Amino acid sequence: MPQTETYILNMGPQHPSTHGVLRVNLELDGERILRATPMMGYLHRGIEKLLEARTYVQGVPYTDRLDYVSSMNNNFGYCRAVEELAGIEVPERAEYIRVIMAELNRIASHQVFIGSLANDLGASTGMLYTFRDREEILDLFDLVCGARMTFHYIRVGGVARDLPPEFAEKCRKFLDRVPEFTAEYANLLMGNEIFQRRLKGVSRLTPEQALAHNMTGPNIRATGIPFDIRKVDGYSVYPRFGFEVPVGENGDNWDRFQVRFREITESARIVRQALDGLPEGPVMAKFPKMLKPPQGEVFSRTEGTRGELGFYIVSDGTAKPYRVHIRRPSFINMQALDDMCRGYLIGDSVVAFSAIDPLMGEVDC
Amino acid sequence: MNAMLENGVVATVAGVLREYLMLLFGNQFLTDLIMKFIGIGAVIGVILSAAIVFTYAERKVCAFIQVRLGPNRVGGRFGLLQPFADMLKLMSKEDIIPAGCDRVVWALSPMLLFVPSALAYAFFPFDKGAVFADVNVGVFLLIAISSQAVLPFLMGGYASNSKYAMIGGMRTVAQMLSYEAPMVFSLLGIVMLTGSLKMSDIVAVQADNVWFVLLQPVAFVIFVITATAETNRTPFDLVEGESEIVAGAFAEYSGMRWALFFLAEYANLLAVSILTTTFFLGGWSGPVLPGVVWFWLKALFMVFFFMWLRWTLPRTRIDQMLSLSWKVLLPLALANVMCTGIGVYIYRWL
Amino acid sequence: MFGKGLMTGMGITIRHFFGRKATFCYPEEKLTMTEHFRGGHLTIDYKKCIACQLCAIQCPNQAIKLKVVTDANRKRHLESYVHSMGRCLYCDLCIEGCAPHALSWDKNYEISTWHKEDLVHQVITDEDRAYLADVMARAAANPTPPPAPKAPPKPAAKPATPSPETEVKPGE
Amino acid sequence: MKDYIGAPLLAALQQAFPSAEYDSEAAQPAVFVPAAELTALLTFLRDDGRFGFARLENLTAVDYKTYFEMVYHLFAWGANTWITVKVKLDHEAPSVPSVTGVFPGAAFEEREVYDLMGIEFSGHPDLRRILLAEDFTGHPLRKDYRQAAPPKVPRLRREGGRVYAAD
């Protein structure tokens, strides 16, 4: 008696489009996916444990290595948590600079998203264009902090050093170019009928599903829920800037792409406002060199590029944290992968990985 | 000189060569045999040099579109020796045979793939009178031979004992078979206009009248789309689908075996460009310049066009691709055949 | 109309095909590094260094191993200073922690090596060693008398004269 | 955290769950609850109109050497209030009911805690190690975890066709 069986395909950890070392166990019926199980841990470095053995200040460079495409946002989240724990007041200028850096980094990260999505769809040219434009942001970061990838610029109590004098001008020049290159991406990719057909109506999630999976960031906003910590918590100096939270309608891959694409423009708006209103003053708060926060615990969250980035720190009154837990958005968003792949085709699964935009450094921590 | 242009450069040269050989041997049969071998050598040379030139061209076109410089180290500023370096690399690579593969089928697949793509070159009219085998069922034979390329892909995919390769093999069958049909129907209109299946006749009719791209624009579009699908290039490169199924049917091949796949791919690319030139762009016909130059200009433009498409467009999905073929292209091609038929009828009636 | 977007995309790519290229031919052309560039080898201005070991204490990943000697005048000098580049996070904390501004990066980014073992950089040069020997010899030749209350060295503290080597284990 | 849950609501919570304890002196008191009542309490917090804590923002565990503490951070979006719920667990055989029934999005975080802390979650649909290998022994985030020494593999280096033992 002939019998049909399902086909198990292990995508990754070495695969051209799994964004690092993600492995997805696909159960297939022909080309159709019956089940997708993400398996991670190939990049697990134990950053939570490492942070327990470092002082609070020494911990900052390790957060660079979590989500290495948007290190500034990780620095920001960790430093905010430590400051809240130790009761450090950050100077206003430093807060403005932090917002500028975080938003520039958000633009850079979304460019990587657009590029890698295009590449996974087979249009590798789109990837080269986004990376070419991302270089300009990296040049700005290089000017400010001397690194292009692991910035370690936002520090506990402020930022590492003041902005160089030529920064404002160069940054404005870049901001002027934002409409230019977004128009180019829109013409090359968004207007493209094949691109639209690959994304629209694929990997659809309802708002209820997204909430059940505890998704955050652009992934939940694509389903139409305007959950953005910058608005919800209004931390740092974000309430002073006017910006919108782009939301999608259908919760499909097209909306995930659209939300991130429009966030580039919104982030550019924030950066411009922050540059205009940049106050004078110190960029570093005064606090003892050997920082010993009082006994206690804190859970502080910020809007990272991939969603809600939370740091839970327990202090026992010594110079080193007793326990650090990082709520990594990509890790939790990965739970939705199964729902996003089930019933779709192999080609869509690749797009689904891309659309969640996981960064394995962050997923595996 | 004018006579040479009139008869075609290649044909004239071949005629001169034949006379010399006739003088040398004085034997009709031997001369014919040698002439055939020279022809075969020339065609193989065209394929091999096409592969070499196109690897370089593809890298450069891709790089220029992607605001890069492309090869610029091996062989001077323009990296002219890059294809040779690639070739050396491929030849010196280890021949890895995957465990559990079907050895015979696995080894046969790349060779069999190369045969139909090389065989198709026998029917191409490179110049006036320069057709290796100008058979009177040329178009029919060409399509029959080129559709044989499906089988080696399936063989390679099946024999590799790899899951990605298996999916790639299956996709090839679905893709190539479903695009064969609209391709044939798009050519039918031309055959109806020409009234002949002979390749040289098709070109001759265009040289006397007008290029078929103007008479059959719909067929031209359908043919270009199906040709992209037949050569497995983006937007229809689902067979390779690098970011989905790694490299499809030839995921497990390496070194020279892989190079054969590569060679076949570029031979196919040139083949479909030549076909487009022959069927729609008037083949070797053109003013002033010798026919063979016109022919290559047009063919290379088509090659560039396919590369340009590849590096701009994203990949379609398998269901979209199949429904495009069966639901859009095939009805369109049939309607085109019908319209052509009516048109031809009205033309004759007038 | 279907196909309009495709045509627009093709227009963009053909424009870039003939447009200016962004490639930077690296080994022939080289970028100048920015002022705060972090990377390359650590360099030390030996005469400025006060051997306070703060850099090694600041280092989050214990990438700096140094040995300190004390001369006859109880002045501390570096005897060896090893930077394990394989462990280094390039976080800049050592340089920012250096009070006399003796440490800096040499901004040479071509630091790849063939072997993992080569990822160890001896920061102190031969010139510095010669200088150290000179200083030690001079201090030994005319030692200033040690201050009276500190004459008996505490056993737990770092020994002053005869075996002046103390290896610092930074961090934990 | 923006606004912590107010004292009146905390009192109301304790009325509904007499076994729930909190330090009324502290500024942001965590609510301690016995493991058996955890899911009931979280369901109550999620569904009751006065609280509306529909989002489980964070789930983790802390090893306090003599006992474990499960930490749940809940957030009510409309009211923008927070609450911390904690469960003390025995250090020898820590086990806690899984909250995936209340918040399905906790599945991966519970797997992570199980993997790195070694806390059993009864009723979890798919309790496997998530970051470490299946055959890994020990739970690295515990304070008493000691890493086994890496195996000694002699390093070789090759120079000019000769092989040296690297130091």
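Which chain is which? They are A, B, C and D, in the order written, and residues in each are numbered from 1.
Here, a residue touches a chain if its C-beta (ideal position, glycine included) is under 8 Å from a C-beta of that chain, and two chains touch if they have at least 3 such contacts.
Quantities reported herein were computed from a predicted structural model and do not represent experimental measurements.
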Seminar exercise, completed: Every chain in contact with both chain B and chain C is listed here as A
Problem set entry | Chain whose Cα centroid lies nearest the overall Cα centroid | A
Exercise. Hey, how far is the Cα centre of chain B from the one of chain D, in Å?
Worked result: 61
For this session: Please compute the C-alpha centroid of chain A, do the same for chain C, then give the distance between them in whole Å.
Result: 32
Exercise. What is the distance in Å between the mean C-alpha positions of chain A and chain D?
Worked result: 23
Problem set entry | Chain centre separation in whole Å, for chain D relative to chain C (CA means) | 40
Problem set entry | Multi-chain contact residues (two or more partners), chain C | 6, 9, 12-13, 16, 22
Problem set entry | Overlap residues in chain A, where contacts from two or more other chains coincide | 125, 129, 132, 188-189, 192, 194-195
For this session: Would you mind listing the residues of chain B that make contact with two or more other chains?
Result: 65-68, 311-313
Exercise. What topology does the chain contact graph adopt: line, ring, star, complete, or other?
Worked result: other
Exercise. For this entry, which pairs of chains touch?
Worked result: A-B, A-C, A-D, B-C, C-D
For this session: Provide the residue numbers of chain A that touch chain C in the complex, in ascending order.
Result: 53-54, 57-62, 64, 125, 129, 132, 135, 142-147, 150, 152, 160-161, 164, 184, 187-196
For this session: Could you please specify the touching residues of chain C with respect to chain D in the complex?
Result: 115-117
Exercise. Where on chain D is chain C touching in the complex?
Worked result: 155, 157, 166-167
Exercise. Which of the residues in chain C end up touching chain A in this complex?
Worked result: 2-6, 8-9, 11-13, 16, 22, 33-39, 58-60, 89-93, 96, 171-172
For this session: Under the touch definition given earlier, write down the residues of chain D that touch chain A in their complex.
Result: 1-2, 54-58, 60, 62-63, 71, 73, 77, 80, 82, 84, 103-109, 112, 116, 129-133, 140-141
